[in-house]
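Can you keep this structure in mind? I'll have questions shortly.
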Amino acid sequence: MTVPYVRLDKNDAAVLLVDHQTGLLSLVRDIDPDKFKNNMLALADCARYFELPTILTTSFEQGPNGPLVPELKEMFPDSPYIARPGQINAWDNEEFVQAIKATGKKQLIIAGVVTEVCVAFPALSALEEGFEVFVITDASGTFNSMTRDAAWNRMSTAGAQLMTWFGAACELHRDWRNDVEGLANLFSNHIPDYRNLIHGH
Amino acid sequence: MTVPYVRLDKNDAAVLLVDHQTGLLSLVRDIDPDKFKNNMLALADCARYFELPTILTTSFEQGPNGPLVPELKEMFPDSPYIARPGQINAWDNEEFVQAIKATGKKQLIIAGVVTEVCVAFPALSALEEGFEVFVITDASGTFNSMTRDAAWNRMSTAGAQLMTWFGAACELHRDWRNDVEGLANLFSNHIPDYRNLIHGH
Amino acid sequence: MTVPYVRLDKNDAAVLLVDHQTGLLSLVRDIDPDKFKNNMLALADCARYFELPTILTTSFEQGPNGPLVPELKEMFPDSPYIARPGQINAWDNEEFVQAIKATGKKQLIIAGVVTEVCVAFPALSALEEGFEVFVITDASGTFNSMTRDAAWNRMSTAGAQLMTWFGAACELHRDWRNDVEGLANLFSNHIPDYRNLIHGH
Amino acid sequence: MTVPYVRLDKNDAAVLLVDHQTGLLSLVRDIDPDKFKNNMLALADCARYFELPTILTTSFEQGPNGPLVPELKEMFPDSPYIARPGQINAWDNEEFVQAIKATGKKQLIIAGVVTEVCVAFPALSALEEGFEVFVITDASGTFNSMTRDAAWNRMSTAGAQLMTWFGAACELHRDWRNDVEGLANLFSNHIPDYRNLIHGH
Amino acid sequence: MTVPYVRLDKNDAAVLLVDHQTGLLSLVRDIDPDKFKNNMLALADCARYFELPTILTTSFEQGPNGPLVPELKEMFPDSPYIARPGQINAWDNEEFVQAIKATGKKQLIIAGVVTEVCVAFPALSALEEGFEVFVITDASGTFNSMTRDAAWNRMSTAGAQLMTWFGAACELHRDWRNDVEGLANLFSNHIPDYRNLIHGH
Amino acid sequence: MTVPYVRLDKNDAAVLLVDHQTGLLSLVRDIDPDKFKNNMLALADCARYFELPTILTTSFEQGPNGPLVPELKEMFPDSPYIARPGQINAWDNEEFVQAIKATGKKQLIIAGVVTEVCVAFPALSALEEGFEVFVITDASGTFNSMTRDAAWNRMSTAGAQLMTWFGAACELHRDWRNDVEGLANLFSNHIPDYRNLIHGH
Amino acid sequence: MTVPYVRLDKNDAAVLLVDHQTGLLSLVRDIDPDKFKNNMLALADCARYFELPTILTTSFEQGPNGPLVPELKEMFPDSPYIARPGQINAWDNEEFVQAIKATGKKQLIIAGVVTEVCVAFPALSALEEGFEVFVITDASGTFNSMTRDAAWNRMSTAGAQLMTWFGAACELHRDWRNDVEGLANLFSNHIPDYRNLIHGH
Amino acid sequence: MTVPYVRLDKNDAAVLLVDHQTGLLSLVRDIDPDKFKNNMLALADCARYFELPTILTTSFEQGPNGPLVPELKEMFPDSPYIARPGQINAWDNEEFVQAIKATGKKQLIIAGVVTEVCVAFPALSALEEGFEVFVITDASGTFNSMTRDAAWNRMSTAGAQLMTWFGAACELHRDWRNDVEGLANLFSNHIPDYRNLIHGH
């Protein structure tokens, strides 16, 4: 009954950043703001470092949800950016799904705000269509840990793999020798303890 | 082995509010009282906003369990209200099951007090009879988090989907354009942070 | 060395609500939003119930701090409302201090956001000028509990008394017989457990 | 894929109390001692109230594990009591298994100390032999919550149902009308909040 | 600047049990119900064991606050029992103060529900009148730990000594040789770990 | 649908200690350092006590990850020790896999730092190749509990059994009579409460 | 008995950054690393923004304590930097004290690692010599919260004021109109929630 | 009003280890057992390293409190060891006080189990007699954090200084140059993170 190990492959993975908007971020209370900001930017740095196709989407930017955080906008100037006119599940937006399918990748790395909606809904839809889904849990946030636990349960039961940005980076990189300096730099910028190890070494 | 995404559909869902009674509420200690009251009323507001058939039931109102909280009684004056004479599992009460089947809905949204009994027992019974069950975890409360964790495990293993009122509202609504003002109002009344975003916008 | 018991007196107390603004409220993370909103409104209800002179002030409403929350604005239409042009310590604003002194009260009940600045600064200034200061800790919020603990220490050391809205209400009321129904109503509206006791009684 | 609801049946259930010994109890730190003692005795009271065949076993009483707590010994003077000479998994002791099989029951309600060993080992063995296993999680204790979480995962994955004494009591009782006073008395003796509801009613 | 050690003296101490009523107890959420009930009864047992004059009082028993918990009523059949007609601060009730003064004791051991009102108000009043006040913090409960912290701060600043029932028992007893069996019995009945040590010894 | 109980067998088990390096250990924050050190050494002591073939591996010792902690190096002077030149998943290192296969064991007991990478990756790979995998969760550490929870979910879903060193020791030992003194000594050295039971007995 | 309000004055304050070294930072576990790094740099930014004389010191850089974190070194290229040859209490180093006295400031803002040693020792010494001491608690870290609580108690009792970087910044700035953009920028760089308010405004 | 800095002086300090007995240790639940054992032994190592006169005492070793833990007995074979026949406050035992006074030291470093009794009582008595008292909080343990907080408050108010073993070691040592290797060794043996820094250096 053992399922085969579905491993992230940097040649077959795309990143979906869903609704990291200024208003919605103020709702996140299951992760401390300093840590959440770091995790979100660390995942974005991973996407760039591994040159993964990345798709941005937002929900109702002109309303209280607010605009996409400027850091992400600046980091991905050439990426598809779908400002959804109303669909809550991003997968209900055809343009978003087409952008994903256009990448030709089978593995989807998803993060967003809030976890049980903006992440879980497209994750469940993607699983239904046969994609391999990897949720970056620590770059996804929501109201409280109880809500998060319920969302994790729903996604995991449906076949999503729960990961964090660091684990995903390690699985994508495979071998330090592919680029020691690059990976160390990524860690140094987003893991203060690792940075201290480097500087104290 | 991936299961299809079973998605809440406002045309095929009914709400069961089980044993939200004044005495039983004093037993709830896994969620803070202010938050729990808000969650319970938010779910009730969702039921009304999406015009979902809603069924109320209580256990032994004349004893220490106490009467149904007055807010719920007032919100659903025309809904079936089954004051069970003794059955602990509401599904053991024929009138309750008949009221559910009379709605003709296949999806059951359940919340109640206490989670491992008043919610879990009818949820497990409903799953056994082929209903799709969505537990609104944050409008359900119990003695402590350990008890909750065990109850979630039992329900999830049997096929129930664990959600919160906000996630359910989003999945039922599907698209902001169906009614921007209505949904925003619902959120404003039950999510202080969202209300602040609206007023600060 | 025992200091005499300085007791809240409804005939000698005024309430200061400092910077309960929509933007600043999103910074509060030492108290859950549902609970904090309830505490803030409970204190406001106390101010009205005991007919205490109440003074509202805000910092930079036109900027990211946002406007005063609308509930407070509506509850105190005739109260002094000082929108400070820049002073961070409200006590540095002459109009604010004059409004306080115009009440002729010696006891100041203070709450606000964030605790270590908007509450602590005027509390310390008021103590310096000889007022008796009662901080309503649970209607005051800040970034995290560590910040709160430091702020409490600073205020307590300087002579402020740390209270909560419920304790203040009880000390102001003195005797249930002064108005049983009124006090019970106040508690019922802001303490779900007490409401349940009343309805289950 | 939905599994049928396996429901506790008082006519088909036996209770196994495994290694509630004075020394081992001092190792329990995932539940507060006052609460744990109450839960353990509440489960024992359930066993007696529902007249379930109950089997006691201990591991090495003469060593540091210490004797069975005297309360349990007194409550079940006529129950099988197997002081195991060395087997850590009680199921490895033939006398214990024979005592279970002699009850003729298919459902086993298990609790003990420590969770991941004294409970999990016989639970896993019983499942392997086709019994229906119900773990009373709150009458089982261990070193810390991390250990408990791992033990729950192992047992749940193997098919055990995780419950608490209160949920088990409710599922065994089925209907208040079977004996209102008896059940209320059970709750009053082991749930202070429920006792208060009864006395305040 | 060192203050002399004010030590509990069983010949000069009285116990005040304030408002341990069924309704008010349901408000207590800073201590788990099982533990709180144990602490409350442990303090009562201490009062009896050391034969300290004990005074009971309640607030509005006929209303939602509910009656005094029956255990305390039964334990002190001959003690003064002042059902206050309305005074929130028990010290505002002359009969209560007279009962205290009639004991001729200078040291007051106080516990009650809720901490910041029913305990803090009479504690502050007693300090003002020159009594030595010992608050039994773990037999006193309130809404949450934040409220408790503020109440402790207010009482400690005014000169009250913060203790727990176990510390008070030890300070009152002074020397095991005064009665080994009696003290061990007291501990065995209220400290499960100590009971296990005794039985495992 | 019940899976058979896969039980640790000391004759068919090998231990993999993955990346317990001085630098990586400073990243561990989901377990307190004193406790983590103890757990790591306790597992190592188990490996020696049960004479299980043990394989050590490290990642980039010359960099910030730092050298293997000296205690482990000293405890297993004759064990295979694979200092991986770059592979992040130890299973990608042929020498490591060959060392495992050379033991001829089917059961792998794995622990390491950090959990979601150094433990999860080889655990998933081993499961894929048909090994039975037992993760010693409390001798494995990572950045925070959220990361740990996600890693546990991924490993458990793939078929790994989550255990702790104490549970593994008990399952390996089977019967106290195999060596009372040896097992008691192991516990005494790594469980202070058990040591106290022994010395107080 | 009220002490006058001792208020931070940007014209009379100096900043002491004590032992923020790469090795020592790995010991900090009472604050999450992401948050602690942010707090440390926020305080440093405050020092520069308000142009406060700043003094850096380290303990044994060549040993395991490690070098000063490079960010601080870069931010204060012209500040006095005293690498202490051995004194644990920085105040025991004459050069350090002379550098402080050379600033001519009476108010000392202190932060460092670890709180109970590197911060508390010089704070206590400075108080003894008549300086006004403001401890920036959230830019100071140590092993755990218990250690922190004890250190806070010792410093507060001796007259130190406990603050956080945000409170200090506000007290130093006094009035938004002194430089709206500068202060907003400082907050935007170090408080993600505030940054979101600015960008969402 | 500033009090002078009372600083630990290795030439004027004695250590009191009060009631670290096997039975009493099982009552300690405010600190994890692994950490508590380490702290207790770390303090003992400090006492030996700084050659401070050390006095051991126990309460009723022949009863459930159990014998002194063997490690301490072995470490101080020549120290005064007063097995008190019954006095709960060690200071009530003349032999104990004489042993202290015989050291001629004015500073007393105290730790023990449980905090609010075995530590607080002699600490308060010593303060009353004019000693300078330093409580090693992390080598003292009790039932829960609430009890600890109350005990700390009582001791601190009476003039005791709250410290931890690490802070005390640093204050006693004064300057690394007095013995770099000795202090590093002490830290390496009791602070895993520091040990890792040393080995990774």
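Per-chain numbering from 1; labels A, B, C, D, E, F, G and H assigned in written order.
The rule we apply is simple: contacts are C-beta pairs under 8 Å (C-beta built on N, C-alpha and C of every residue); 3 or more make two chains touch, one makes a residue touch a chain.
Computed from a predicted model, the values in this text were never measured in an experiment.
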Note down the smallest number of touching-chain steps it takes to go from chain E to chain H. 1
Can you check whether chain A and chain F touch via the same residue numbers (shared by over half) or via different ones? different
If you average the Cα atoms of chain D and of chain E to get two centres, how far apart are those centres in Å? 35
Let me have the rounded angstrom distance from the C-alpha centre of chain C over to the C-alpha centre of chain G, please. 30
Distance-wise, how many Å sit between the C-alpha centres of chain B and chain G, to the nearest whole number? 50
Of all residues in chain G, which are in touch with two or more distinct other chains? 3, 23, 26, 32-33, 66, 191, 193, 196-197, 200-201
Show which residues of chain A lie in contact with chain F when the two form their complex. 1-5, 7, 31, 137-138, 152, 156, 161-164, 166-167, 170-171, 173-178, 180, 184, 191, 193-194, 196-198, 201
Taking the complex as given, what residues does chain D use to touch chain E? 21-23, 25-26, 32-38, 66-67, 69-70, 191-193, 196-197, 199-200
In the complex with chain D, residue positions of chain B that touch it: 3, 23, 26-27, 59-60, 63-66, 85-89, 92, 114, 116-117, 120-121, 124-125, 127-128, 130, 143, 146-147, 149-151, 153-154, 157-159
